[in-house]
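Per-chain residue numbering starts at 1, and chain names A, B, C and D are given in the order in which the chains are listed.
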Amino acid sequence: MVGMGEAWLIPAIPAAAFVILLLVGKYLPRRGDWLAIGAMAAAFVLFFAVLIDLLGEVGKPDFVGVTSSIEWVRFDLPSGLEFELRLGFFVDQLAVVMLAVVTFVTLMVMVYSTGYMKDDPRYGWYFAAISMFAAAMLALVLADNFLLLYAAWEGVGFGSYLLIGFWHEKRSAAEAAKKAFITTRIGDVGLLIGIILLWREAGTFDISEIFEFAEAGGYSTAYLTTAVLFLFAGAVGKSAQFPLHVWLPDAMEGPTPVSALIHAATMVVAGVYLVARLMPLFVVADPIALNIITAVGLTTVMMSATMGLVATDLKRVIAYSTINSLGLMMVALGSLSVSAAMLYLFAHGFFKALLFLAAGSVIHATDRQELSDLGGLARRMPVTAAVFAVGALSMAGIVPLAGFWAKDEILNVVGDSQNFVVYGFLMLSVFITALYMTRVVILTFLGEPGDREAHQHAHDAEPVMTLPLLLLAGLTVLAGFVVFDGVGEALGFPGGIGEFVFLEGPEAFHFPWDVAVLSTLSAVAGLVGGFYFWSGEAEPARRAGELFRPAYKILKRKFYMDDIYQWTIDRVVLAAGGVLAWFDRNVVNDTGVDGSAGLGVLAGYGMKFLETGKLPNYALAIVTGVIVLAIVFMAVRV
Amino acid sequence: MSYEEVIFYFVAAVTVLGALGVVLTRNVVHSALFLILALLAVAGVFILLSAEFLAIVQILIYGGAVTILILFVMMLTRVRDMPQALDGPQRPFAALAAGAFLVLSVLAALSSDWPGETREITVVPFREMGEALFRDWAVPFEVASLVLLVALIGAIVLARGEEGE
Amino acid sequence: MIPIENFLVLSSILFSIGIYGVLARRNAVLIIMSVELMLQAVSINFIAFAVYLYPEQFTGLIFAIFVITIAAAEVGLALGIILRIFRNKGTSNVDEVDMLKW
Amino acid sequence: MDWVLLALIAIPIGAVLVFMLIPSRYPQLVRNVALVSGFAMFALSVLVFVKYEFEGGSGFRFDLQLAWLENVAFLGKDGISLHLAVDGISAPMVLLTGIVIFAGVFISWNIDYRNKDYFVLLFLLVSGVFGVFLSLDLFFLFFFYEVAVLPMYLLIAVWGTSSHFGTFTRPKEYAAMKLVLYLVGGSALIFVGIFATFMEAGQGTFDLPVLGAVTYDENFQKVVFPLYALGFGILAGLWPFHTWSPDGHVAAPTAVSMLHAGVLMKLGAFGILRVAITLFPEGAQFWAPVLMTLGVTGALYGAISAMAQRDLKYMVGYSSVSHMGFVLMGLATLTTIGVNGAVLQMFAHGVMTALMFAMVGAVYDQAHVRDMTMFGGLAQKTPRLAAFFAIAGLSSLGLPGLAGFVAEFHIFVGAFNTYPWAGALGILAAAITATYILRMLAMVFFGPFNERWAGLKEMRRGEQFGGALLIAFIIFMGVWPAPFIDRISESVEFILRVGASGP
């Protein structure tokens, strides 16, 4: 029976598919897409095997997860130093939730891509890259030690680089890929420093051993706090939190299924997953670390929500909503609630993938993605419109879609553990979210088409693309119900998600009506407001924009973050490089090196006048030398 | 003063005079003639040193071949037609250096403590020297002959001139 | 009998005159002649040392023979070179031939 | 197996002799001989690496000692001997040399101008490189060191390329001259150091194990260590004595750049480890902070300078300075992990920088320009070239799964253990590396296709094979570094333990 001990197969199968596709992909029929999909399906099936095995174990007392690992690199030395790197895989409830999202969404996206990417000249390479990404992502989820985690972390970053830059002949795509990789890498510097700092005291990279070490008080509080904040920097980069969020909207240059997979459901939540996985360290560290997470998350939520209001690109709006969701998850983690964050992550994986894939269908059908070119598509693409609306409502947090339950859970824990300012801002963000999600639905599917010609040809996509949409829509409707203990028990879980994924103890489901009512009111207000502002000629929206012109401008310019970064890069980083290169050429080389060589040349130039070229002079010199030598010799002898 | 000494001083004086003539005279041909004089006088010194064979060789090779060669070259290079002074600008320094060297050398000769009998010449048998030359020194002798041969060819090549000249 | 020092002093004088000639003269042929004088001085020394100090060995005498031999070769070559230079440069004055210089 | 080390040195020399006998009107024969002997070296170096096992003690294997000079004048009974042996540090270096020269033969396939002379010099250089890695006798180590350096002058001055930039020019003769003067200057310092060591030890021998058994006075160590560290360090691109390296790389022909950056610069770092740190542990302790500072400076300085370059080869050249800075950082930690990392980085950087230069050469051979801004979208025309280049770049920015990461990770861990600030700055330098590599990839290979290069063709078969060989080792080491680490760590541990247990 395949169980948790064989969890390593889950990343291994897509990895093998990647290698095969890379080597012989172009000789396979259909350029090997079936191989990638088959591998992913196998991983999905294996996920169920692992899940069933886990459910058998999870009820037992003291269950903390199962590790299976092989030695990778190790050296034992006579001096007693031991250095060991293992390829280890660890399965617990947290990992399983993540596996569910990753395997399912990846499978859906791959199936969808067979339609979406059908005519691309690099079709085979696309599937190879997606397989590579999936393997890295699954390894990240299952890693039991920091080293493998870091390797997989960089691996998903690289996969994202490849896929954002998939259409690299577009300058903007190449630039976006570069920006994404470098921005996340800035966070990764912190991650690596954090990992090494943790290792330095504990002497191990194993995550659970480091937990034990930390809980036994092995680290001083200040040291641990520094280390976890460095780790959090990695999460900030990967999960597009303020101030490193700038890469995610640009990453929309990639193919839309890629956006659905990487920049919505899987990779970007890796940061959230990392923080959730390392929550025991944050608990031991100074509370200021948690406060920083909350603050960063909240800033991200507010900035992205407001920017979502004015974005004009269909995919960018959804990208901002993703950043918004990620911020919410961070706030949940900052409030020490792993189960709330993971619930949101679980739900978000489905409805955000749904939104992106539906948007992909729109783009596929119309070849347009500017909101001003779209509109009125509900008539042409009813199925797409319906599933998009389901996703948008879920994002807005309308009962009884998954988004509602997840968001409610977060609001619950924030209300319990944070002060009212945080709570107030979150409520406000619920309103804004509903507002811009309504806006994007109206501008895309309702009203009059902006570009009639594109509108003429639009129609619902082929079944291979629609089927994943319907499956995801179904999950968007249903996934939220896992909060109920009854539902969980019926499925064989110990209870609802709070009983399954938790930090310190199982949390039974509770449902404070006041929060639910308040959030629903906010969301509905957002919906109504959206219809008021943007239906028809969208006259109120235009007037609002003119009324708050400075604010509108700031939002349009994305809080000037990109400009600041660009300025910094151009004026500080590249300038420093230029100055240093100039310094190297002119000071170090031309002055220091050539200068000292020049001294030699100068001395030689001076000396050369001693050389007359006339033989008698040389002869005289020889004789003089002999005489001097003779004098010396005689003087010494005497 | 024994007659040997008289002869020695006479021969030495001729040698020095000849040598001075070589380096001081204003006429190059005279200079060559003085050289012959000096070389002959040196042959006399060799006889005083009871090295008669060497004296003969000296006269044959130097007095004959070398000097003739020098005269020929003088003719070929038209040295006499050269208007410039024969001496270079560094003549005073040359005199100084030569003087200093002379002083040092004489000092060294006189102050050295020579081993063995310094008053008596032992006559070296002609025959033994010949045997030594062709037995013990056969290889250097052959090498020297080779050097002569090479020099001969080299001189021909150098002096022959370009094709068609 | 004549002491060895006499011969050594004679050879010193001869050698010094040779040095003077080499250094003072401009013409290559004259320089060669001065070199010959120096070689003569050397020969005298060799023979004197041989017959006074080490009569049982002939090294000094044999060296004198070699000096004469090599001198003959040297003169031949040197004069060839001078001839060559004269043809190429139109002079046999050494201070006009300064191609050794930079 | 003893013959194997001698064979490694003898094969290139034998090849040189064979080249000399081949009339220059048969260039193809020259190439074939180069190919065969290159393969022989590759195969033997793989054999040495595979067969090497640590067997306790100092870990030297395949020991071969041929007496050369002994019992004369100032030399004692051991005197000078051709003492060859391999340990866990030189085994990967030998492998590296074998790989790079084999790949280099393929890359040099199209050299037409006096290709016989070219291969003579190239193989002479390689014999010197093998000699340095294998010699256990200071005299021969120095001898081979010079043999490895001097052919560089002709290789660059004859087969190199001069570069003209807007504001300045770098003639190839300038680069060659600077390179050789610098390296010869460095070896003068080493020479002084060698004789000081010889006199101080008073053993009448240049044999390293014998010299290593001597305990040197602490003050003596403090004086002599910098001689070696600086002398070898110049060849390792030690900041601020690095400027010969970018200029030299730019001027050199492709295969020479590969050997130069890939192998030759490693000789310097290897020398520091093999001679300076082994013989003078206390001196090393004393100077470690300085070495660390210079290493970090070089790493950051090289990375930032590389960011400002527009010329592909200059960028790669400065990245070499940066990566050799990492090597020096690793050495300066004087911990097992850090020094392991340094040796790993020597191998990793050797392979990946050789690959990068090979790819730059492949572009330059066809395009005859190296200015990044003039390219664009080449990946559409030459996907393999782009992929190879990208793999080299990704390895150098430390992507896990490729060789660079394994090495850099060890170095950072080691540095954090001793000088945390240096570790943090080193990681920053690695991040900057990502910036300039990705910037270069985006400029040259991605974006809209520049029609000017419509005639550009994919790499030649030989270049593809050479590149694939290098990539195979990049991935091998990245995925399964254990064979390397197992070999390196025991020997490193021996060196450091012997040092630590000193008085």
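FYI, contacts are C-beta pairs under 8 Å (C-beta built on N, C-alpha and C of every residue); 3 or more make two chains touch, one makes a residue touch a chain.
These numbers come from a predicted model, not from an experiment.
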Exercise for the section: Weigh A-C against A-B on C-beta contact pairs and write down the one with more. Expected result: A-C
Practice task
Would you mind pulling out the distance in Å between where the CA atoms of chain B average out and where those of chain D do?
Solution key: 63
Practice task
For chain A and chain C, let me know how many angstrom lie between their CA-based centres, rounded off.
Solution key: 93
Practice task
With chain centres taken as the means of their Cα atoms, state the distance from chain C to chain D in Å.
Solution key: 57
Problem - Averaged-CA centre spacing for the pair chain B and chain A, given as whole angstrom - result: 98
Problem - Multi-chain contact residues (two or more partners), chain A - result: 616, 620, 623
Fill in the blank from the handout: Residues of chain C that touch two or more other chains sit at 19, 22-24, 26, 94-95
Practice task
Mark out which residues of chain B touch at least two other chains, giving numbers and ranges.
Solution key: 88, 90, 93-94, 97, 101
Exercise for the section: With chains as vertices and touches as edges, which is it: line, ring, star, complete or other? Expected result: other
Problem - Touching pairs - complete list by chain label - result: A-B, A-C, A-D, B-C
Exercise for the section: Over in the complex, which chain A residues touch chain C? Could you list them? Expected result: 608, 611-616, 619-620, 623
Exercise for the section: State the interface residues of chain C toward chain A in the complex, per the touch definition above. Expected result: 19, 22-24, 26, 94-95, 97-102
Exercise for the section: Using the touch definition up top, name the residues of chain D that touch chain A in the complex. Expected result: 168, 178, 181-182, 240, 243-244, 247, 301, 304-309, 336-337, 340, 377, 379-380, 394, 398-401, 405, 409, 412-413, 416-417, 423-424, 427-428, 430-431, 434-435, 438-439, 441-442, 445-449, 480-482, 485-486, 489-490, 493, 496-497, 500
Completion exercise
The residues of chain A that touch chain D in their complex are 72-75, 77-79, 81, 83, 147, 150-152, 154-155, 158, 161, 165, 168-171, 173-175, 177-178, 181-182, 185-186, 188-189, 192-193, 196-197, 199-200, 573-574, 576-578, 580-581, 584-585, 588-589, 592-593, 597
Handout entry: Footprint of chain B on chain C - complex, ascending
Key = 1-10, 12-27, 29-30, 32-34, 36-37, 40, 43-44, 47-48, 50-55, 58, 61-62, 64-66, 68-77, 79-84, 86-87, 91-95
